[in-house]
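Please find the structures below.
You will see chain A twice below: alongside chain B first, and alongside chain C after that.
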Partner chain A sequence: MAVIKENLKPIQIMTITVSTLLGVNIFTVQHELVVIAGQDMWLSAILGGLLAYAGGLSLYYLAKLYPKSNLPEIFIQLGGKIIGRIILIPFMVYVLLYGGLSLRIFTQVTRVFLLDRTPTYAIVLLMCVVVVYVVNKNIYTISNVIDLLFPVFMGALVLFIFITLRQADIYRIEPILFENTRGVIDSIIPAYQAFSGYGIIAYILCYMQTIKKTFKWYTIGMTVTTILISASVLVTLLNFGPDEIKTMVYPFLALSKTIEFSNTLVERLEGFMVIIWIPVTFITITVFTFASVRNFVTLLSVKPKYEKFVVYAHLPLLAYIGLYSRNSLEALKYFDYTQVLATYLGLIASPALLIIALIKTRREKHA
Partner chain B sequence: MARLYKRLFMNQKESNGNGNTDTKNNYNSQVISTDISKNIKDLKNAMNNSIDIISKEIMLFGADMLAAVIFINNLVNEDTINEHIIKPITRVSNSAANFTKSSFDINTIIDSVITTGSIVVVQTFDDIVHGILTGDTFLCIQGMEKGLLINTSEFKGRTIGEPLLEPSVKGPQEAFVELLKDNLGLIRKRLRDPNLTFEVHIIGRRTKGNVVLAYMKGIVNEDIVKEVRKRIQKVDTDDNVGSAQVLHLLSDNPNSVFPLIQATERPDKTVASLLEGRVAIIVEGVPRLYLVPVTLPMLIQSIDDYYENWIVGSMIRLMRYIALFISAALPALYIAMTSFHPGLLPTILALSIAGSRTGVPFPSVIEAVLMVGTLELLQEAGIRLPRTVGQTVSIVGGLVIGQAAVQAGIISPIMVIVIAITAIASFAIPDYSLGLSTRFVRIPLMFLATTFGAYGIIMGILFILGYVCSLKSFGVRYLEPVTPYRIRDMKDTLIKAPQWTFGKRPEFLNPEDTQRQIIKEKGSGSNKRKS
Partner chain C sequence: MLKKYLFFIMMVGLMFIFRSWDRVDIETRGYVLGIAIDEYPPMPYGQNNPGSQEASEEEKRKFESMELDINRPRYAMTIQFPIIKKATMTAASVGGGNSQGSKTWQLTQAGDSFVDMNEEITSRTDLIPYYEHLQSIIISDAVARKGLHDILDFFVRDPEMRRRVKVFISKGEAKRILDVIPKIEDYSAIYLSRLPLNAKVNSRILHETDLGELLISLHSDQDFVLPSVNATKDEIKDCGCAIFKNDRMVGWGDEIDTEVIKLIRDKSLGGIITATSPNDEDGIISLKITNVKTKITPVPQDSGYSFNIDVQIKGNLAEITNQEIHGILTEDFLKKSEMNFSMAVEERCRKVIRKIQEEYGADIFHLNTVLKAEKPAYWKRVKDQWRDIFPTVKTNVHVGIMIRQIGNSR
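And now, the complex of A and B:
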């Protein structure tokens, strides 16, 4: 029975986009950028966000041309049964690997800051079970969970950024762009990679109530994400300076260690930051798993009644990818490879597919 | 194996097919005879000659004609039968001035003789038996092929009392009772609108209990009414609807840990819900009724929120949300903090907890399980025992055993405080079923905290959120209007906004008439109707 028809509201594009993009990137981006851009890495983050938005727009318009299909279905419609599937495979690999490796990096962070004696596999498996359970429901359940969590972690993140400003030193970002323009330009791509997940729009646009306001909310979502990631980069820089950040693996979390509220209930912040960050990573992995399920379902032409088995199959798949790396450095290395794949897919494949789709649509119109 | 499965499955299918067995007896299609003695005999046989079935024969026209009344003595008002049926009919027939034997027919009796309100002409035994069982009196007359069912029912019930499960400080002190007509009256006297519709259905192949759907025509979404009606008509059971277990058959998800149908014993709450566009299901013999659809924020609302200033009301409601969290997660948090993350606590507090646990022989998880188990036992014992004894048990359990356990060094004092706060928080949840849900959720969260610390609790909560977000009550998502965001409807969820903001009915219920109140513009004196 449907008293109210199930669909996503335009505002949910924003919550899903922000929550998916933040993920584990916010832990790692500072370290990657500082090596290339030094004290100007916050500028790289802003430029990377703009580039990601441009990539996102190509996928948005591609999905808008096929409003009743998600990305893998669009590939099939564009390239036919065989070529469409060939196009789909690299996207499928990227989505699955990104979900699994995010899980591994998250596990590592959790072990360092929260559960130092709990085995990695136990942390990975618990996350996998909950992710698969939620994905097995449907996209509406996922989006509703995101809606509930969004204000909590957004509030916590904004508050945290403001708190860290107390001990910020503005001189740590100076001199701005002094003989470092090349470094900033070189770090745009690594910064862009921190916005992985913007393509989720192409998976969820077909579930929208109306396409009308989705562009506005998607733009707001990308803007909010760019501001938050850039702010996280900036406050880390203002607190530690570029040289110190180079020595840290997770500088943003290390930042929370510097804050202490004596004689209050929250005396040390780092554990609480990780606790608040668990839901964010959960959302990222859940959304990527959902996208991965859609990819597999289309690739293997799975009937709707058997889709749940594809979801269940993601439990061992995610767990295997999550546990494959021997240590966190290896996981970060694989994560970087995945990000390179994401760059090719986002900046080359997606615009190319949009152009093909536009030509095809125009031809069909003329025909 | 497959064959066995197939056989079992087929058997099940067959039994399902036959499950709707016709319990109607073979008298169903039988029509009444012109012979009174035969009618009395057959009716008594149809009801297995039960001793409470009374029949009285009446001589008319100087014994030329015979009539009879048949009823069940505990279900009727015998004075009504004597004064409004037997006396008028004998007086009229014996005076013989206006009536002759030939002109004395069914229509004449209805129009000129019987003086009670509700009379139905009947012919089949099915109708007659059902009428007698619901307190009607059957009147049949020699030589007539039709009889009359006259409403003489009088069910003795308790007087309308105070709400026991939903007390209110400032609100009305009336609660529903077991009698259907009293409950309908309690609603009607507050809602004098001709659009208030009561729709009767009969559930129970054997119990034949009345179930009434109440809704406001023109406000409620017709799809909701249709769905409720469809589900009620699908119920096929011989169980007593008074047990209200049948209502679980109406639920979207009968296995749901969280209540998907809201029970209330308050007429004022019912009226407010009907005016929002919800449907009330009133079951005969149950001293509360059931409101659908229901969402989680509705279960956190209390009627007192609306009798207080909106700021105070909102604050109290926010406290209830906190209470919901504490009731479900506080023992788990205690376990996680003491076993896994003492470093997250302020140093002095961590030392204080560690000091209080010195000498306690169990790890904090065993302590917590023991205490939560004891709390559950005490709560259950308090309900089952008579009220006065129940209070004594609570005091003995809470104070004496708690104190003794601490002195014996079995439990740490901080654990007693944690459990006491948990218990108090669970009492602050206005809906009893929701309170039970939090008690259920508490246990798995404790085990997750034991295994994974705070990470386990968060994952447990995420699992519960995923579960709750997937629930629906009659097509409406359980967390509406919090998610998906419906800003307009949120003024009565986490907080209770000022009354002047309640211009529209909740959007998520999709009401036909969206306008709830007309807001007067300040100074102009004119009414502004928001379109």
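And now, the complex of A and C:
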């Protein structure tokens, strides 16, 4: 069972959900979607968000059935010591890979936009050290760090989206849904993958003060994320159009380079993007590393006093995954594979586990 | 406590180990303000400067055409560095530019690859070219006529480049524009990049002409226009536009053409319209544009679509010349003036549309964008033949004028 020393407030579910979900996806999703859905990709983003919310609900209710356990502990309770661990392994692989590959993509973008001469290993190792340091504390430290950063990057993100609207061209999203319904439907799954991380609810619900209001704040968190990711897709589209986005690796970041105010104190807007980019990815990697630690602790039945060694072990693990890819395209390819795994786990495994849990709980009640 | 100290020591240690790879001392950066791209051969020449202590043209060319790769050089790239020491330091010395000579250093390098040319330039200067502050890219018409696709990758791929860099097409050699020694500004590249800001007061200047817009047009197969520039020794003139079909330049548009193109594309920010006075054929009336709204509507025809182009202009009466002006400003005069302005602009629009259709066949008005957005089924049928259809497309221009203010005198 998770050791509960302090409690998270229900509203913190919202900040943790939004911060974790934005992740690196907000910077890569535009290119993924435009190839399939063209100028209608903003509709795919909205539908993908709704699908992610449906997936999130299955994990929310699963976690609610076991209010004192986190996801890996629930697996053990559901499947027993052996089958539970077998169920846990794909989730564990996904969480670890997602964290490590997010770190890699963060490094790539940082090198392209800020530190082009700094070696990849330097950025990866520094980020690993900071992430491991925060994770080594506990979920309360992580959530407090998120509470501190949340208003800063949210304010910057919302302001940034509004500023980019001034150079928007409505013709770039027209015609809407013309002979492209299939494209929109086909891109719902890639759009859904941009919301990876919604499952974090199953790791943190057990640390809540009370289950009451958690549903409300989780719903608000998912809604805010859906709006923000869809808005990021829409403004990128309105500024560049589908053909131009196809040529870009990180369209949302490129958008920040298009905004200039002549003869003002702040001439360029990349600064805003740094305020958004660094905290958001840091939080995502931190939260995923926390989840990964919980997975390993449960899988290996590590005693609480030795948990810190599991945390330290994540430093070389994350660094290895972050440094493994030979180049940017290879890292993005591995990231896509991880997202496919996330789709199976989120849309097939999680609802199936919820059904099994419901049946089991009902049987136990009857018994 | 010990752990905290260990962590602190580790972080400080990391800071020393991971020295700042990206640190470049400000004085070693070569802030590239402008780039000129010319065809090679011949190598572009500098302006005549008799009595100069600088290297002779022959000496320069020896450096500039240093062999770079296996291909025969096709381009000559000139980059402009500011000579910071010579920059205007105080308000009192503003405008004294000419007495000190050029405040910039233009370095030209011939080659086939721009990144290669950029690297080779560092063998001739102790500065490292830095493009974050690049203001203008000038492409010679000779290069533009061969197509822009081949030359833009360096300017897109390099993270230091910015999408808001202004792009211009020079009439003749592009380096000539960078060689200009401006009267007021310190640097010709900055002087040039600020010219489009005057589009607020001059409707004949193109303003949305940066690298980002250019790339969007290229990647979406749109025809487009870029501002054309010409120069004397100390002056640059924004003189209309260069017309592009696909990525190749096909001709020039004069300033009137540019004004009309902006009106039709709903890009006009301001400027002056002139027409004959309703009272006197020799009299001229001028309208200062304050607001323009253009709506293009496709109208079904027997064999496709024609386009209604509705331009609504609001403005202030700015001047009446060559006639008795006092006592003539009645409501009737204003209505007739509106009519005259309307007829004058309509006539200009028709003439320019006809010219573009007949001479160039380039859809720089983006009628295809309107079709694609509003009649997608038809567009799907004709998009592959659009270049053949565009020259025969019928347009119906209607210009509405509303005079809002009449100024200080009646």
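Assume the second predicted complex is superposed on the first by the 355 of 367 C-alpha atoms of A that agree within 3 Å, B and C clash if a C-alpha of one lies under 4 Å from a C-alpha of the other, contacts with A are read in each partner's own complex, and residues count from 1 in each chain.
Note that contacts are C-beta pairs under 8 Å (C-beta built on N, C-alpha and C of every residue); 3 or more make two chains touch, one makes a residue touch a chain.
On a predicted model such as this, the values are computed, not experimentally measured, just so you know.
Q: Please work out whether A:Y133 is in contact with chain B alone, chain C alone, both, or neither, and reply first, second, both or neither.
A: Touch partners of A:Y133: chain B and chain C.
Q: Considering only the touch criterion stated at the top, classify A:A367 as touching first (chain B), second (chain C), both, or neither.
A: So A:A367 meets neither chain B nor chain C here.
Q: Of the two partner chains, chain B (first) and chain C (second), which one does A:S143 touch, if any: first, second, both, or neither?
A: A:S143 contacts chain B only, not chain C.
Q: A:E174 in the overlay: touching chain B, chain C, both, or neither? Say first, second, both or neither.
A: Second partner only.
Q: Just chain B (first), just chain C (second), both, or neither: which does A:I11 touch?
A: A:I11: touches chain B, not chain C.
Q: Which partner does A:A122 reach: the first (chain B), the second (chain C), both, or neither?
A: both
Q: Given the touch rule stated above, what does A:F282 touch, chain B (first), chain C (second), both, or neither?
A: Touch partner of A:F282: chain B, not chain C.
Q: Looking at A:I82, would you say it contacts chain B, chain C, both, or neither? Reply first, second, both or neither.
A: neither
Q: Residues on chain A in contact with chain B in one complex and with chain C in the other?
A: Looking at chain A, the two contact sets intersect at 114-115, 118, 122, 126, 133.
Q: Report the residues of chain A in contact with chain B in the complex, numbered from low to high.
A: That would be residues 1-4, 8-9, 11-12, 110, 114-115, 118, 122-123, 126-127, 130, 133-134, 137-138, 140-141, 143-145, 147-149, 263-265, 267-268, 271-272, 275, 278-279, 282 of chain A.
Q: Which residues, counting only chain B, touch chain A once they are in their complex?
A: Those in contact with chain A are residues 221, 223-224, 227, 293, 340-341, 343-349, 451-456, 458-459, 462-463, 465-467, 469-470, 474-477, 479, 482-485, 508-510.
Q: Could you please specify the touching residues of chain C with respect to chain A in the complex?
A: 7, 10-11, 14, 18, 20-22, 156, 159, 162-164, 197, 212, 215-216, 219-221, 369-370, 372-374, 376-377, 380
Q: Can you name the residues of chain A that touch chain C in the complex?
A: That would be residues 112-119, 122, 125-126, 129, 133, 171, 174-175, 178-179, 240-241, 243-244, 246-247, 254, 257-258, 260, 262 of chain A.
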